[in-house]
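All chains are identified by letter, namely A, B, C and D, in their written order; residue positions are counted from 1 within each chain.
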Amino acid sequence: MFEYEIEPRFNDTDALGHISNTAFPVWFEQARMPIFRLFHPSLDVESWPLILARVELDLKAQTYWGSPVTIRSGIGRVGTSSCEVIQEAWQNGREVARGRGVLIHFDYDSEQSIPIPDDVRARLAEHPVDSA
Amino acid sequence: MFEYEIEPRFNDTDALGHISNTAFPVWFEQARMPIFRLFHPSLDVESWPLILARVELDLKAQTYWGSPVTIRSGIGRVGTSSCEVIQEAWQNGREVARGRGVLIHFDYDSEQSIPIPDDVRARLAEHPVDSA
Amino acid sequence: MFEYEIEPRFNDTDALGHISNTAFPVWFEQARMPIFRLFHPSLDVESWPLILARVELDLKAQTYWGSPVTIRSGIGRVGTSSCEVIQEAWQNGREVARGRGVLIHFDYDSEQSIPIPDDVRARLAEHPVDSA
Amino acid sequence: MFEYEIEPRFNDTDALGHISNTAFPVWFEQARMPIFRLFHPSLDVESWPLILARVELDLKAQTYWGSPVTIRSGIGRVGTSSCEVIQEAWQNGREVARGRGVLIHFDYDSEQSIPIPDDVRARLAEHPVDSA
């Protein structure tokens, strides 16, 4: 699995005193960068070939500002033009959240999904995790 | 259903040129306020009795800065201490996203779920939607 | 002055319990839209002709989630290629923040400032405020 | 000077394609943590003794997602109850922004400023920078 360390920002907190639930989609997006790179090594936004179709997020424990969070990301099911990203967030040895995202290989000009090419498929296969 | 109008902020966009997927959890949270109020009329954060346990989000169409977004929110299944919130986001007559959140009636001091009282249950029953 | 009403979002709060100082630049940017439109009626980001060079922000009172905030914006000094935007934020009858931004009329391709044309200058002159 | 490395998040970008101006107050706040600690070693938000009264930000060059940003922070003028924080943001060897914040030593209960104690004053004096 890919590992990415997030430093929670004070701005990720909310008035309830802890990290806002809304921080996780931001963190998980950032932690998907190595996966975006498997599709699109340049990460150039002008030719970005992916769209996020679905997000699932389970919030399992309170998360605190002041300690780093490790995000682990891997690839679940891969379909014709879609790919499942499974992510876990850990803080102080405890799993605080779990996410599942569905990415579509996508052509923004025609607004249509496009099949995942074999070379990308091979790279995705190197980072498997069990589907959530 | 409760309706809440969101004015997308320029800051809700990202380098792909449109509204970021990460804006929806922020908007949906804000649009849940009338539902939070059914549980906790004062909305005082010191005695906040709810925790978000799960989020599901389907992104159905690109969303643009510059046009308002209407969020419709209603109550799906209600369990002993949990409650499902079903939300839709519409822009320019098109459904752009759909969300499902699971709220837990929660005591932050003991870190335990607590049953939803009957009066709250009665108020929730006035805003039903089909579960997603 | 231009008036823009902001609905503070729960996500604009932080762990100190009130609106984060970081929300004001976001709100002020959104409230500058009528001013951006004086320069660039389409608001098309592909041909955006402005860059923000400087921000000053005075935080005058605590700001709360749950009440709308009115942002008033007007034009201060106008130079050859720059323009000062003066902004005030009011909540519950109290001025909670004051901002001053310096916008540069800018060509992103050549990365150079460009003089403000006379027609824009005339439109800016219709929205004067005293410079901060 | 204190150094803090920020990893720009994709969510820090906006539709203009680069890092939003609104990211800098967020980054600078996070990078002030070692300074907050000089006042308040526990960083406990319940007894937080500081309020931000003023922010100045000069945006000097475009900032990009994909490369780390180093924030350098030091102490400028120190008054009876206020303290100036001078901050610089560097990316790829270039200064991209400069900030100046004014912190007030503050009692949130009485909503009044309080003099900076001598021990804090001594610790602040160990991190001087020229005032902006």
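Methods note: contacts are C-beta pairs under 8 Å (C-beta built on N, C-alpha and C of every residue); 3 or more make two chains touch, one makes a residue touch a chain.
If you want to know which protein each chain is, UniProt gives these names: A, B, C, D = Acyl-CoA thioester hydrolase.
Please read all numbers here as calculations on a predicted model, not as lab measurements.
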Rotating chain C (Acyl-CoA thioester hydrolase) so its CA atoms sit on chain D (Acyl-CoA thioester hydrolase) gives an angle in degrees, to the nearest 5, of 180
Could you pull out the chain whose C-alpha mean position is farthest off from that of chain C (Acyl-CoA thioester hydrolase)? A
Please work out the Cα centroid separation of chain C (Acyl-CoA thioester hydrolase) and chain D (Acyl-CoA thioester hydrolase), and write it as a whole number of Å. 22
Measure off the straight-line distance from the CA centroid of chain A (Acyl-CoA thioester hydrolase) to the CA centroid of chain C (Acyl-CoA thioester hydrolase), and report it in whole Å. 33
Whole-Å separation of chain centres (CA-atom averages), chain B (Acyl-CoA thioester hydrolase) against chain C (Acyl-CoA thioester hydrolase): 30
Residues of chain D (Acyl-CoA thioester hydrolase) engaged with two or more neighbouring chains: 10-11, 13, 15, 17, 22, 26, 29, 45
Flag every residue of chain A (Acyl-CoA thioester hydrolase) that touches chain C (Acyl-CoA thioester hydrolase) in the complex, lowest number first. 10-11, 13-15, 17-18, 20, 22, 65
Which stretch or stretches of chain B (Acyl-CoA thioester hydrolase) touch chain A (Acyl-CoA thioester hydrolase) in the complex? 15-17, 21-22, 25-26, 29, 45, 48, 51-59, 62, 111
For the complex, give me every residue of chain C (Acyl-CoA thioester hydrolase) touching chain B (Acyl-CoA thioester hydrolase). 7, 9-11, 13, 17, 26-27, 29-30, 33, 43, 45, 66
